[in-house]
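My questions will all concern the structure given below.
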Amino acid sequence: MKNLKLAAGRADFSRSVIDVSGVKIGGEFVVIAGPCSVESEEQTVRTAIAVKKAGAKMLRGGAFKPRTSPYAFQGLGLKGLKILDKARKETGLPIVTEVVDTRDVSWVGEYADVLQIGARNMQNFSLLREVGKSGKPILLKRGMYSTLEEWLNCAEYILAEGNPNVLLCERGIRTFETYTRNTLDLSMIPAVRKESHLPIFIDPSHGTGILSMIEPMSLAALVAGVDGLEIEVHIDPSCALSDKDQQLSPAQFERLMKKLEATRLFMLELDDKIDSGEMAPTEAKDRGAGGRQGSFPEDAGRGGRKDRMVDDSSGGAAPDRSEIGHFKDSVD
Amino acid sequence: MKNLKLAAGRADFSRSVIDVSGVKIGGEFVVIAGPCSVESEEQTVRTAIAVKKAGAKMLRGGAFKPRTSPYAFQGLGLKGLKILDKARKETGLPIVTEVVDTRDVSWVGEYADVLQIGARNMQNFSLLREVGKSGKPILLKRGMYSTLEEWLNCAEYILAEGNPNVLLCERGIRTFETYTRNTLDLSMIPAVRKESHLPIFIDPSHGTGILSMIEPMSLAALVAGVDGLEIEVHIDPSCALSDKDQQLSPAQFERLMKKLEATRLFMLELDDKIDSGEMAPTEAKDRGAGGRQGSFPEDAGRGGRKDRMVDDSSGGAAPDRSEIGHFKDSVD
Amino acid sequence: MKNLKLAAGRADFSRSVIDVSGVKIGGEFVVIAGPCSVESEEQTVRTAIAVKKAGAKMLRGGAFKPRTSPYAFQGLGLKGLKILDKARKETGLPIVTEVVDTRDVSWVGEYADVLQIGARNMQNFSLLREVGKSGKPILLKRGMYSTLEEWLNCAEYILAEGNPNVLLCERGIRTFETYTRNTLDLSMIPAVRKESHLPIFIDPSHGTGILSMIEPMSLAALVAGVDGLEIEVHIDPSCALSDKDQQLSPAQFERLMKKLEATRLFMLELDDKIDSGEMAPTEAKDRGAGGRQGSFPEDAGRGGRKDRMVDDSSGGAAPDRSEIGHFKDSVD
Amino acid sequence: MKNLKLAAGRADFSRSVIDVSGVKIGGEFVVIAGPCSVESEEQTVRTAIAVKKAGAKMLRGGAFKPRTSPYAFQGLGLKGLKILDKARKETGLPIVTEVVDTRDVSWVGEYADVLQIGARNMQNFSLLREVGKSGKPILLKRGMYSTLEEWLNCAEYILAEGNPNVLLCERGIRTFETYTRNTLDLSMIPAVRKESHLPIFIDPSHGTGILSMIEPMSLAALVAGVDGLEIEVHIDPSCALSDKDQQLSPAQFERLMKKLEATRLFMLELDDKIDSGEMAPTEAKDRGAGGRQGSFPEDAGRGGRKDRMVDDSSGGAAPDRSEIGHFKDSVD
């Protein structure tokens, strides 16, 4: 994609890793979990303890809630950030929380480890530049009606301020379908892996809005090569002040995490399993995810775009990084 | 959903199985593969042999091609059907092919084992009634702009003629995004599993239009619980007369099939793996995909729709069928 | 647009005129009115008399109704066509009615003066070819999710069979907005006038689904240069079996027709009014292709498309047909 | 619509009028015109003089340009505002200009008469509250993927701060169609007139992105009852730094303004023309735009929403304000 000087995929297919208090986003599979909104200290701290126990590596929670109506619960603001801070002290989990106003970036940044830019603010260019200047890790959600190209250009806004720490999160797009809250676009996983070096996450909670879909979509995202997930978990979902119908209980989250971990370990070995059966001695030299019989040569895709995953099993091919994902323990 | 007398999910959560020459669609994981268009006997027969070898259970190939322009290749018609017949004789693979006109239903049905209704004809109600009357198995693609509700109502048109043999296939919907050919909506897998008893397939070829996305999306669909896939494979994609950029080569297809099979076997045991860690003796009796700690209670979803997957880990719960899918060998 | 050999706009900007029993579609402003469905002889004949009295030039009425559910009223079929025939005998109004099945084209064509292809069948290519072969005038509705390019290619299917008598009708497209039934795309009026020579109509009834919007949208379409309108009118809308909320009563229709006629006469003289005031001798020299001060030179539009409407009132230039529309009595 | 305490239509159907330096937005038909971006003093001042001469009542010009890419021209900022100030001094035209950052609201408000919120910032709730607090007139553009309900709720955010001076501007929504830059949704004119008391404008420049469409869409909007238009005009469009293909030249704008004025005067008398022919003595008492034979009774519209324009020709009906619009000189 033209004009993406900083966000575009690299020639060597290497991918960015963002270190957040030791959590290597882009280098290991990361689940960010927590309540939609910070509602009280008890609710947030108990939820943090529960998600940590289940294996989450970071805590999410909204202190500033973008609501369609001005009369809906808007979030606890500073009080909410202090509660998140308490939860971090209790659990050691780094905090991901949304910032909505350029004037708040520096002081919210005092509390947050990762600043989240919500879907409705994806093209709030002032805010992008401001969080760019902050240098803090930024989780940039895709706008509900934004193309991949616009999304990567928004990442470019942040990167252009000298802040390389951007992770992308797809959360569903708006379509004509009303059965789901949004239409979760999992094809963004291979798309981002091809067009950019930035980590790609999926938010299956907002992406579907339906509790029973969160598990299948999370597993699907994982095997498609996602770098991580952002999932809403509430200590008692029936009492939630927002997104009541889509937040997991701790028990549901724990079960999901077990499935994810088992599946992740399986995927780690999948390529080797497949290859050990078919790799003849001559081909052994060309291993790397791309250099195999049956991998994908350069493809044009729609509109003549060239597939950056060139494969040449005759030798010396650049590895097809889109496949490796987090099925390897080593950090990219 | 109201008015779906025949297509709606059943109270006992049982799912339909359609037997096509011994292939149990809905009862086992099925991959339908073959070229976009039937172009010549050599092309189609060689492709059939290749996909069979790789594990496909049915052959697809278009004899009547719906094209945007009247001047584009329209398919070989009857000649194409005879070629498919030859390929079936050679390989034993049942044939899936599109029918586009009410007048063709009976004689195309002489050749096809499964009649496919393409996306542009999803709401061609005359055609739906006609294939309903034929009694043949029907693969009903989702329209590129059709809601789940409209889609299931179209299935209802067919079922209402006394033909229970309908399988649904999601192939991507039209959105504002232009990076992919369509936006593949994998959430339709849990959605159909919840709202209907009919088998649900995914077509990742048309769904993305990008070769390198076919593998991740196929694996994603599998772990999300899909009943099968319909994939375009061509003996020599660079020479294809249609959809040149998205047809797999036999080698690529073979590799994908290996991954799918390994993943399928893994998923078969996943629930047991998870449970053996956590299942206490009393709960053992209530196993079945739904009766577990951490599974999903009734959820409202958007607009107050009730989640039909009721879970009660206290015992006697109806099994959560959405999870079982084809990770069991037994026929549902 | 490439590949439109027959449907594309002509070099001399001339526009097609389709003569239907003396009604010159494309040559005069035409309103087609009538009930959504033919429900009874009394309902249809009375409605026909009423719309004729108000100035409608053709009668519409559905005998075959495409319904989302198979259990909804499907139309009276042959009986409905006979009723339409009676209405024509009574009023002299030519009949426009939808045909849904290739097998019906010839015998429905015995009753209809114009065969309508509904939105859901826009890309039913078999049907397009069949109505093409019939030679009858065809009203081709835009699919609810079809691009202009696809739409014109569907017209090409019909024209390629040797049938030049195609009129296009925009009826709203499917978007995320749910306030209106569809989103009426009036920009299709100048778009079709630029890219094709075929007449362009608007259906504000399906296009909005809201009674009170029909008048403003009809007037808007008229001044934008539309060739005609297709409007639902029912002798007693509260009793209608379909589209109850969007059918006009005869009184409402009559009022609308008066406004349309007055506005049409006004628009006929508008260009002259403007010109007679402004053409000063010095400006005459600058005439040339953009040739009225303030007319539109060739413009690129999005994606570099050239605007084909060059205007030069100095003489010898092809007139800018997009502006003239039906504000002249003479036939194009 | 629920929860719209301040933005919802009033029981007496009265509409808001916003006085901006004597220009009565909502009370008279207003055209806001000017360049997409402020590029230089000469460009902006000359354009301002030209549009004023043609009848524009306010000047638009962007000093802060939201661009997809961070490397594109971002606007002249403060320098641009000073240029606009000069243009106002020269012509007396009030200024409409976009503000993009909460931190800029007060000082940009020193220069602007009307603060514009762009489509990408429609749901920038912090910004909405801040401009609400400013008390200045606000032009709120509809988001390219925002529903009417979301849009009116955003107006509510501003109104809830005690600032009643909000005018809405529809500028096209994002759809699958790529022929036009956006799909201009003129049905928002009657929709807003029904659901809210706020003035409704149309921006045909961004709404279509095609020069030759601006005139037909402007005329269409006018007869549909719009309160005004926001149109891009550049002294020399071929040299524009942004939106080169859709800015009118002064001559083109002048011609358009003449047509608009003539059409406006015509529409002012249209209802009377129609009525004088049909109004019987008893009906005379019930006049008022709504109280006529053939006007629109309460209609349900889609989803059972009630049409607030109740009409009862039996007497005493509330006037159907959606029709009056600006075809009367008197201020509502």
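A, B, C and D are the chain letters, set down in written order, and residue numbers restart from 1 in every chain.
Methods note: contacts are C-beta pairs under 8 Å (C-beta built on N, C-alpha and C of every residue); 3 or more make two chains touch, one makes a residue touch a chain.
Predicted model, so just to flag it, every value in this text is computed and none were measured.
Comparing the centres of all chains, each the average of its CA atoms, the largest separation from chain A belongs to C. Between the chain pairs A-D and B-D, more C-beta pairs are in contact across A-D. Look at where the CA atoms of chain B average out and do the same for chain D: the two points lie 48 Å apart.
A separation of 28 Å divides the Cα centre of chain C from that of chain D.
Chain centres here are Cα averages; for chain A and chain D they lie 39 Å apart. Within chain C, contacts with two or more other chains are made by residues 145, 149, 174-176, 178. Contacts from chain B toward chain D in the complex involve residues 174-176, 178. Partner chain A is touched in their complex by these residues of chain D: 3, 5, 66-71, 100-103, 120-121, 123-126, 129, 143-145, 149-150, 153, 156-157, 160, 174.
Contacts from chain C toward chain D in the complex involve residues 145, 147-149, 173, 175-181, 183-187, 189-191, 194, 207-213, 215-217, 219-225, 245-246, 249, 251-256, 258-259, 262-263, 266, 270, 273-274, 277-278, 292-296, 299-303, 307, 309, 322-323.
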